[in-house]
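Two complexes are shown next, each including chain A; its partner changes from chain B in the first to chain C in the second.
Presenting the complex of A and B:
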């Protein structure tokens, strides 16, 4: 650990890009603006890699707020997140150079993109919670700006507002958690909190409450049940936004926050159980919804929900390194899945309905391969990235309770099904649309090539112990998170779990591959109408919260109008009185004089008689 | 005491003149009468109390009255040049 000014520089690079492109973006123009933004993110990535290889870094400005330093901390945990955010972020930046080609808001887009990276790095590297919170709000702002990027259409602006408002609920939880922790320990620095929590001497219930509030924050940001409604609508933004913010990085911030506070959670059976329940619910809900969507981006958005649920389960069962491992693999295959979808949308001139796709494997050979890798990695085929991280989650779930393992296995069957459904609907069958498809330019193909390699191979950093006794990522992360001493499962059990999960995934993928090419049976279309609307969660929330609030607003508006009418009446009364008085101003000099003299006589008379 | 009565008479004459005259010059003149009535009453109070303070004030009043006359007459002349009248009843454009 070294003190170095290079650490804040990692954040400053994309921030600089935001400022330059925000001020002079129009003059820089495309494609220079896109390349500038991408290179700055690459700079952050290289700088971060350099510091991680040196064993981490710290930097602090102690005089920031009274008692709260402006401190950044690059340890192994934030290091891995930084690699994902800046590395995958760089690839998505490059891809967006091709995707956003010809858009009137080209440099504005890249300016927001750099703002997002800067805010996300603040979130990741921040050591004291207020600093994390700045990043937390910053990514929310960037997400809002980018969802509503094409704000000329009302539905996009509405989606942006929805995302922002739902996230506010989570932010409130974060703020309350900070307040509680401050009143308990008098510090908000995470590295100091670790020691204070271990030292004891506080009310355990209050700590649970603080953890609960943090969890609410994480639920909001990571779009877990019951605050999941904003993520599918967030797909209104351009596809690179969905890939970067709503799949690979920002939505995993909630998981990251929980892992950062593992020291508060791991002893707490209530919180852990709650996290498992929420994650499980989200994993299944997202998967079922995804199976019913027709919009290609909404299909992928719901798969993201489901995978985020997997990560929450990993956090809940205490497998913190597995949660991060899944973030890493997920960042690769989900970004790839989104960018493949984006390439298809690009090829079809903006078409997003999968019913007007199909047969793309003939028209877009390279993109087809990317889609194949993404679907297999997401569906959990051996030995792609998604398989190893999902298998680790399943193994820890088994340790938590075999019932959880069964449910999670069910969720991963659904995961295999939605992945293969996406793949089949887009790439197999006959082409059902009218546009003439064309393969993407190299600037969009190369990032996908690299991500495909990642989605194929990145799982090998976290192999189960029966294959690779000391894998890379687990001890690496334990240095930062802490070692919470899990018993290793017996070798035989572990092997059985691996084989079962591999066999189930292959079966589900194969069955799905056959099933989704046929005409859909009656029961499926029935199910689909429910799933298409996200099981009417939006309708439920509208009835329960939004509409009562709207009625309340109407009532208050009526009250406001009443008060305003009163004030307006008072105003016109005063005006009338003024008009009456103005009649005294006749302009006749002798009239004024007479008035003065009468007043004089009255005043003197009053003075004498008093 | 007699001076106070004289002062009151002078003031009343001035007030009557200011109210009844229509020409700006005469109104102005009546106002000057009222001002000097006030000065006269100050002098008589000074004699009654034996203090010289009030007489000093009167000296100031005389000086200020001179300046005021210069400004007032200047205004009246300017108005006459523009309107060819100084009747205060015709000059009532400053209505509210």
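Presenting the complex of A and C:
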């Protein structure tokens, strides 16, 4: 670990891009703006790689706020995340040069894109929780700006706003976690918290609460049940945004946050159980919803939800390195899946409905290959990237409890099905639309070539121990996360699990490949109505929360005028002055009632909360 | 220097009233000189204690002194006030006499932060009302009479108990004069402290503003001139947090402890309540009025925690909100110049014609809702860290406002700038507005990215408050 100014420079590069393109983007224009943004991210990647190879780095300003430093820490964990964010981020930047071609907001797009990378790097590299939070809300801002990139359409602006507000629920959890940790330990530096938590001398229930607050933050950012509703709508943004922010990087930040705080979670059966439950629910919910979508981007969005659920389960069962491993493989195959979808959308002049696609393997041969790799990796076909990370999650789930293994195996069957459904509907059958599909330009094909290689091969850095070949990533990450000793499964069990999961995936892929080429049977259409609407989660939330809250806001506004009336009443009791105040009387009954209501809430609230 | 800085705006204002032909340039020059003086004072400040202290006997028989001086908080708030006045005078399209009132009000505000004698503090606190009322009287909207009634009555009636308490503090506490140093050396105790504190609480709750005594604020902002200058000055007048910190708590720590529970509750409840109400605000000024109540609720929650973190957070948030709050009012003044209306509901889609104005608005709005990296966040965070130690549940209630803030701010902003509207083309920012934008955004970023620059001056003050209550930190 060295102290070096190069570390903040990693963040400064894309930040510089944001500022330059934000101020002079119009003059720089296309395609220079795109290349400038991409190269700055590449610079961050190379710089990060250099520092990781040197064994990590630190940098800090000793004081930013009283008692709170501005500190960054590049260790193996943040190093891997940095490779993913800047590496995959660079490829998506390059791809976007082609995809965003001709958009009037071209340089604005790349300015925001660089802002996102900078904020994400702050989130990853931050060692002090408030610094992490700067990145945490920074990526939220970038996500808001990019979802609503075409804000002249109301639906896009609405989606952006929804994402920001729902994320703020999670952010509140993060804030409260900081409040609690500060009151417990008097520090917010993660590296100091590790020691303080180990040292003990506090109430474990309180630490559980701190972990719970962090978990709320993670749920919001990683779109887990019950805060998953913003992610499907986030697809309103341009496709590169969906690939970078809402698939490969930002949504994994919640998982990263939990892994960072593994030292708080690993002993805690309650939190672990809760995380497993949430992850499992999300994995299945996302998978089922994906199977019902018609919009190509929403299909992929829900698959992301499902895969994020897998990562949460990994965290819950204590397989922290596996969660990160899955982030890595997922970044490759999911970015590829999104960009393949994007290439198809691009080829069809903006068409997003899969019912108007089909047969693309004839028109777009290269893109078809990318799609094939993405679908197989995502479906968990042995030996592609997705298989190895998913298999590791399954193995650790088995250790947690065979029942969990069964359920997760079910979830991975669904994962195979939605992957192959996406592939079949887009690439097989006959073309059902009226456009003239054309293959993407090289600037969009090359990033996908590279991602395909990754989706094929990156799983080999984390092979199971029974295969007599080195697992690189596990010992590498444990240096940073900590080693919370798991008992290894017996060799035979491990092999059986591997073979079962491989066989199940192949069967499901094959069955799905046949099934989705036919006309859908009746039961599937019924199911699809529910799944298409996300099982009416939005409707439910609107009825239960959003609309009552809006109505209450109206009532409160009326009631607030009632407060004046109340003072006027008080004044008339006191005589002469009251005559003056009494002019303020509005006389409306509902204001009195609202005022009364507020008074009641106040009294009860004070009694309960003080 | 401190005397020049204090009285210059008043003199300039008076001169401008009698010789209006001096014009806007003169007002800008005066505001610039004020800002420069405050920066010079800042540069010469040692970092600890009350600097530039000076006292002259005023009514020595009863112990009243003309005593001024600046501690870290007073100094930073001087800068904030001077900066906002300059920005306001620079950007607002208003008659010269209006600018004169603003300058006169500046002296009152600076006096509040500099006074080291309680009677003088009270005088400044009350006198500031006059130019505020004049602005509303001469340049307010059609329903301004009612707004004036409400504003004046809340302020004046609220101040009477404080005046009584001021005498109680002096004579029951047994100090020789109204000087801060004398009073602080003889704090009130017991039942007397509790009652005297209540007097301050009522007056200062009006000016914090603290629920439910915020009720004057919405009509005050609704009826003020659409340029936003009077609103900006009104935002600066929300000095309650400072007065609690500087006078009420140190002079009556025991009294504070008596009321602490209630005050924490009102602050937390008000923070959430106001943010919620803001969501259904019919126009931007009402929205910003409630938003301000919400932020001050968070600040007050921090201050009433009585520890270092909370105090630093409250003072930082106070200064920050003076700047972003005022800037937001001036910003909607610029919007009004283009649309002729400040209603929230209609879709205006302004961004198509005014991309630069859109970006400026986004910056101020994000600062307002506490986005990290901009000026609102450091204060909120410190207030949170302070408040959580004292009352986790109330902290949770207050910080629910974080969610509500995103809802009301982004919803209204979307209607104003985004979506598609068949609006006629309006001009984007001109060079005068660009200067305003550059300075504002620069300050928002500076305060957000490197808060230490300012918190070093607040930290000792926070420790002093904590020490009153036996806190080590």
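Basically, the second predicted complex is superposed on the first by the 553 of 610 C-alpha atoms of A that agree within 3 Å, B and C clash if a C-alpha of one lies under 4 Å from a C-alpha of the other, contacts with A are read in each partner's own complex, and residues count from 1 in each chain.
Note that in this section contacts are C-beta pairs under 8 Å (C-beta built on N, C-alpha and C of every residue); 3 or more make two chains touch, one makes a residue touch a chain.
Being a predicted model, the structure only gives us computed values, none of them experimental.
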Dominant contact partner of chain A by residue count, chain C or chain B: C
Which superposed partner A:564 touches (first chain B, second chain C, both, neither): second
Chain B versus chain C as contact partner of A:75, first or second or both or neither: neither
Chain B versus chain C as contact partner of A:165, first or second or both or neither: second
Touching partner for A:399 - first (chain B), second (chain C), both, neither: neither
Partner chain(s) touched by A:233 [first = chain B, second = chain C, both, neither]: neither
Which of chain B and chain C A:141 touches, first, second, both or neither: second
Common ground on chain A, meaning residues reached by chain C in one complex and by chain B in the other: 581, 583-584
Chain B - residues contacting chain A, complex: 15, 18-19, 27, 88-89, 91-96
Residue ranges of chain C touching chain A (in the complex, touch as defined): 146, 149-150, 153, 157, 212, 215, 218, 261-262, 264-265, 268-269, 273, 276-277, 279-281, 308-309, 312, 347, 349, 351-352, 359, 366, 371-373, 377-378, 381-382, 384-385, 387-389, 391-397, 399-400, 402-403, 406-407, 410-411, 414, 417-420, 450-452, 455, 459, 462, 473
Touching residues on chain A, where the partner in the complex is chain C: 22, 61, 63-67, 130, 133-134, 136-138, 141, 144, 148, 151-154, 157-158, 161, 164-165, 168-169, 171-172, 175-176, 178-180, 182-183, 186, 549-550, 552-554, 556-557, 560, 563-564, 566-567, 577, 580-581, 583-584, 598, 602, 605-606, 609-610
In the complex, chain A residues that touch chain B: 581-590, 593-594, 597
